[in-house]
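Both complexes shown next keep subunit A, but they swap its partner, so subunit B is in the first and subunit C is in the second.
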Partner chain A sequence: MPEPRDDDVTDDRSLLIVLVETNPRTWETSEGKGEGTPASRGLSSVLGATITFLNAFFALNQQNRAVVVAVHGDGCHYLYTSPLGVETDEDGDEAEDARWANKVGGLDPLQSEAGPTILRRLGELNAAETGSSATGAKRDKADSDDGPATSPFAGALSLALCYCNRAQALENAAGLRSKPRILCLQASQDNPTDYIPMMNAIFSAQRQSIPVDAFALGEHDSPFMQQAAHITRGAYVKPTLGDGLLQYLLSTAVMDLRSRAFLKLPAARGVDFRASCFCHNGPSSVGLRVLRLPLRLLRRSSRVRHVRHHIRRPRRSIIDVIDPSSRAISPPRPPARPPARA
Partner chain B sequence: MTLIGAEGGGSESDSDEIDAERAQASLRAWEKKYQSERAWEDLEEDPLTGRLRVNARAVELRARERRAKMASAALRGGAAKGMMRFAYVVVDLSRAANEEDFRPNRLSVVGHCAAAFVREFFNQNPLSQLGIIVARNGVAERLTELSGSPEAHCAALRNALDASGDFSLQNTLNAARTSLKSIPSYGSREVLYIMSSLATCDPGNVWTEIQATKAAKVRVSVVAVAAELHVARRLSEETGGTYGVSMNADHLDDLIMAHAPPPPLAEDATKSCLVQMGFPQKKHVSKDALIVGTRGDYVCPRCSGRIDELPSQCTVCRLTLVSSPHLARSYHHLFPVPAFKEYASRNVSAKESGIVALECSACLASITDASLASECEHCSNVFCFACDIFIHERLHNCPHCSCATHVESRKKAS
Partner chain C sequence: MDVNGPSTSHARAHPSDGAFVTFLSTLKDDSLDELYESSVWAVLAALRACDAIGKQIVLRLSFVSGGSIAGAELERWIADGDAGRRATARALGRLSRVRAIERVVDGGEAREANAMEVDVGTRGRDFEEDLERGSFVGTIRVRPAFAAHVRRALERGFVGLDADGGGAEGGDDVVELEVEKKVPDRATLSAYAKSKWEDLLLTLTGASDAFSKPGSKVSGRLDAQALFRAAGLTTSDASGDKKARKRNAGVTAEGFRFLLTTAQEQVWVLLTQYIRDESRTASATSAISFLLRLTFQRPGRAYAMTGVLSDTEQDVVRDLTHLGLLYTFDVKKRWYYVPTLLSSGLSGGFASDDGDNRAMVSAEGHVIVETNYRVYAYTSSLVEMEILRLFTRADYRLPNLYVGMLTRESVQNALRAGVDAEQIVAYLRAHAHKQVRKKKPSVPGTVCDQIRLWARDMMRVRSDECVLYCDFPPVGGFYNAVVAEATKRGALLWRDDIGRKLTVRADAHEAMKPVVAALKQSLGDT
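Moving on, here comes the complex of A and B:
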């Protein structure tokens, strides 16, 4: 248990950034969602849980701030941002009174607008999308052919980190402590081409000590999110009961970081640390690193041709990871072999 | 008569004046370098407290210039990056480090910079190794051996900050060279001197040691705290390193930090080879499981042996095991975010009319000064100055381009 501190009387202000997947392509299919997962119950149930969760989060502390980002098919969009202004006493009592007179259900009126704003902005987004894709019906068809839908979570994380950076700069200038954290609600699978931006974002979050909590709503685990949670010391949750999403959220992500030390968070069962193969965009678990070549990971099924290509045409870098299965290039053998069984 | 006398006196005073002017002009010669900076103009009075403070905008503009310069230098280098570096930092703890020309003294400033450098070094070169050598009382003391843990180095350095005696270039060079000799050929060998002393006290001929260092392909760079020293400059020139003399504490920090990104690679310095490695997964092992050997959390992908920690070698099949996030830390050197272009240059008319309300596309901050805003060349989104810096120096992702590449790659796949 953490030792009590002097400043325990005041709660930590939190800035929570929620990245919720709203990509229509993910939600319109039932593929990869499995039975009884939160994703199988549809976007509206996830959004409902998220909004209830946000209200609970606001009710915990008057100064809690939240940002909701929609991770859409074509990019990421801010759905809702709490006003970031640092509270001052110069507002005047009248304005203060007026605000409190409008209080709804224990929430600051500015906070209670979150739910309706989110839904309204999302509606606008969808309207814009259907408007633009009315002509592109053919493209939609082509899109739906290729594999499971994915969403740009790397970009969303980057966006969230930029916002955290600004919020922290503002609050530091005002002499306040700010504790941002990020919550990802991902329903689709990872897109292996996102590997590098995703890793960059994760390391940046780690350096800013912003924990990333990740909820995998679909059937499959998300290795990227597992790594994000592992590296930034957040929680990775894969709810097994679809209708219990709100409960998972409330018990894991609603508390501020200080109170979190008292909770027993769901333990990660394991982390998939495999890197992505640069050529095939598949996960790779054993690789060859070629020094003096680009840092690349080529997985086991990479053909010799690829390896030769990369060796013959070195780029501007040193480290490369290629697949060892290609005997033609005779990778260095390990000095000791596991003893053969008698 | 009086007139002549007056004339004579006048001419004399004229020549005096000319001399004085000349003297002043020659005095100003070194000042001219600083004239363009006009540091006092950056100060402004805080309207609330009445205190003097540094004008944020001027500082930001200068930081931007400096960054642009560094970026172009990095591009010009066009060098191979992402290599494994094996470096020694030599910290001069001779009695010269007790001088108080930096506040509070050189020792604490150098110690602070060195610790910051060690952390930044491992941030930028995650697979590299570093060691620290301190020079005092005429001998070289190897404080830490080559290893990959920044905290261990920083702690050792913190405990060793105590300066006395002479500085010996030959001894420190010898200590670094003998240790770097055994480094495999794919790693680059480097030494960075942070030198306060203006003299070196050697047991033999320092030039033979310099030649030996050159022969061992060790790249030596020197950052001088005090003033230029011929032998140190020759050392860095001979071995292909850089030499810098700091003007003040900030400049010292800049000079030292400039060595954190991987240096350009000499063609023959390292040769290519293949290193096989595995990326273990982390799996929880139940209490009841019967395990021979260590009871680690990581599983070797080739032989399914258990390993305690990464990076290491598999105890069973000797496969080199690293964590893939570890490798990925250096990716941003290979795929850097291209520099954003200035927004104002293209939209001067819009700025003058003042109608458009600009908003940063990443953090939603309203941009009051359009001359500081910048624009991504790929996705044409506008970013504020703070985000521009953050994206290039810490995040290494353009938030909107990462969404766009995502969409593109999906289209390509289909």
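Moving on, here comes the complex of A and C:
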């Protein structure tokens, strides 16, 4: 056998899924954004950097594909999807011809529509929202009362994983392969009630070896994203220079999986592994109660009753009451608290 | 840095570079710089042609003020371990071969200060020397013009990069509608490109003469035969009497290798040769930059020609139409061109040899290889059959099927003609049938190994003309001195210390004679 060429031949084609937070509730306040963070420069500056970054991504390889998902207040919306570039047999001639305008191995030599499409779709999204706000005003008001604004990143991650799965299934059928990765741009804080879906999504990503790169744009660290990046071997970045977001993106997130074997990712500076308490919506160091189904964690024993109300199922089958004096069930060995950062 | 002697083409072309990178690295320094300064497309094409790590380095540095990084700082990017360092050194070498980056040594003076002396062939070498030294010295800087164009392209989203706006915009709607109507649909266009390209390849193998008479089919001034000859794919006597030519006569080893590479690589080989020819007659830079711009245009879309392109560019369009890279038509005396699939995959990215490139004309996949060395190819294309005929014994030919056998003789014939065993394997893999592709590996491992073994078979014995030196005195340093002298000249082929005999390459014998005589004078008689 000839010796394998280790660094020259393999291509760097990838499928990148960008989850960018566009939730108006996050962006309309200045709360939690701090001084000098990318989030404090506003959504437009973040989008500008993201679009330039996407252009860089497209410039690298004609076969690179990107999907941009808006993580919005009411759910997730696709802002841009590169054509999959896989011919399926079901397509009639008409569909074929429609895509032909856009066709070199499925893709343009340069995908120049990404930026304009993203901005247009986002505009439509906002227009639809203001249109419906007359009817949904009451609900919005009720929502806005409970604490800081959060966005459904767990849902977005699941969406991204589903997309990867679909793209890979199509490509395998055509004898191609792609190397997907996910990039999260999060400005708000984590939503503690999302802990379980978030961890589920993270573990699925890990299982499929899809790295999740995470950018915390606001003032606060995001423990969920730290864990996502740590577990899936992606990069967690918390930019300190608001204007330099593009440079941060270009030096970490644009790296394809192949290059990651040769170039370093920024080192994580300590990951907050603490799980979230189900009822208190906050990180907890020691869990006292674990419910078997679904797996949930309680910080205080007195809240068991409250939980039972929530679940509405017979007590014995679900709640494993442990005498706090005998032994506390802790979450998968929480390590020491993250080191204080400078 | 020591200055090499006259560089051979071997010294310039790095074996792992694709045809395009090789072409860029053989351009003269100032014309390459001029190209980057004038054409943003050239910059994008060069960026794409680099390998993954090179791209990362350029992207990171392009947005830094000054675009430079100290070598020591760069090392902190590299992952631990030898592989990372080696890959980075190679990437840097390739980047500096295409003059995307330069190294500034301490004192702020660019290395290129002595560019007059430094030969093209030594570009990028010093990074591999760095690897041996163990550290990257100096400061590495992306050339300002290169970085500026990368920034501009990314920030504008690839739109409006040309001074003239580009594209077929601006016409009135009626004309536009008519143009739209005239653009052929996808199937026609790819059939057109494919048949043109196959004709071209058949001309190379001598099975067709569609291209041999310049201007016979299309009014072009392009002589395909001359192009093949200039690219070293055929020898000059091949173009003599066509009737008397046997199949594949005059095709060089380079030519056989050419047949087996990807269509993308083939197009680049011919295009770069074409540009080289062109550079003698017209301004090379404008032709190259136009060509590179073409590679980024959308296939299946009409671009205006009359009144938009210069005369040189229109000539280029005509020649490329002849090759099947473009399709031209006219509406009311105004000419338009449509890029075909052949032209637009060209700047697709770093060429990969795993056959995934969908832009390739023949990537559809039609070959099934069985473990009993039988090869089935579902194709009606003459070229594909010709290529398979290179290394298989043809057994049957049905209207849509070619059946052949990989035998020792057939494979060794191909190897003797200059094809590489790896190329045969790569070709079979790249063109594997859709059904077979689902399996991994798509070509049975035993077959691949056997092809490689056959290749190794041929190198079991090598014959060299030589002269035997013997009858040395049984004691004394004379024998050892002669051995040392022969080794120094690289002429020693074999030695036997006990019998005191050695053989020397025959062509070195004359030069050795006086030396041996002198040694005998001083040592032999003692």
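Following the convention adopted for this analysis, the second predicted complex is superposed on the first by the 248 of 342 C-alpha atoms of A that agree within 3 Å, B and C clash if a C-alpha of one lies under 4 Å from a C-alpha of the other, contacts with A are read in each partner's own complex, and residues count from 1 in each chain.
Assume contacts are C-beta pairs under 8 Å (C-beta built on N, C-alpha and C of every residue); 3 or more make two chains touch, one makes a residue touch a chain.
What you are looking at is a predicted structure, and each value in this text was computed from that prediction instead of being measured.
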| item | value |
| --- | --- |
| Touched partner set for A:L119, first subunit B, second subunit C, both or neither | neither |
| Partner chain in contact with A:S204 - subunit B first, subunit C second, else both or neither | first |
| Which superposed partner A:S259 touches (first subunit B, second subunit C, both, neither) | second |
| Partner chain(s) touched by A:S158 [first = subunit B, second = subunit C, both, neither] | first |
| Touched subunit A residues, subunit B compared with subunit C | B |
| Subunit A positions touched by subunit B in one structure and by subunit C in the second | none |
| Subunit B residues within the subunit A interface of the complex | 78-84, 123, 127, 186, 265, 270-284, 298, 301-303, 316-319, 323-325, 327-335, 360, 362-365, 384, 386-387, 390-391, 394-407, 409-411, 413-414 |
| Residues of subunit A that touch subunit C when the two form their complex | 1-2, 5-13, 51-52, 55-56, 58-63, 85, 96-97, 100-106, 108-110, 112, 114-116, 172, 174-177, 246-247, 250-251, 254-256, 258-264 |
| Residue ranges of subunit A touching subunit B (in the complex, touch as defined) | 73-76, 78, 81, 142-143, 145-147, 150-152, 154-156, 158-159, 161-163, 165-166, 169, 191, 193-197, 199-204, 207-208, 227, 230-231, 267-275, 284-295, 297, 311, 314, 316-319, 321-322, 324, 329, 331-332, 334-338 |
| Residues of subunit C that touch subunit A when the two form their complex | 16, 44, 47-48, 51-53, 55-56, 59-60, 63-64, 76-79, 83-84, 86-88, 90-91, 150, 153-155, 157-159, 185-186, 295-301, 341, 344-345, 347-350, 352-354, 356-359, 365, 422, 432, 434, 437-438, 449, 452 |
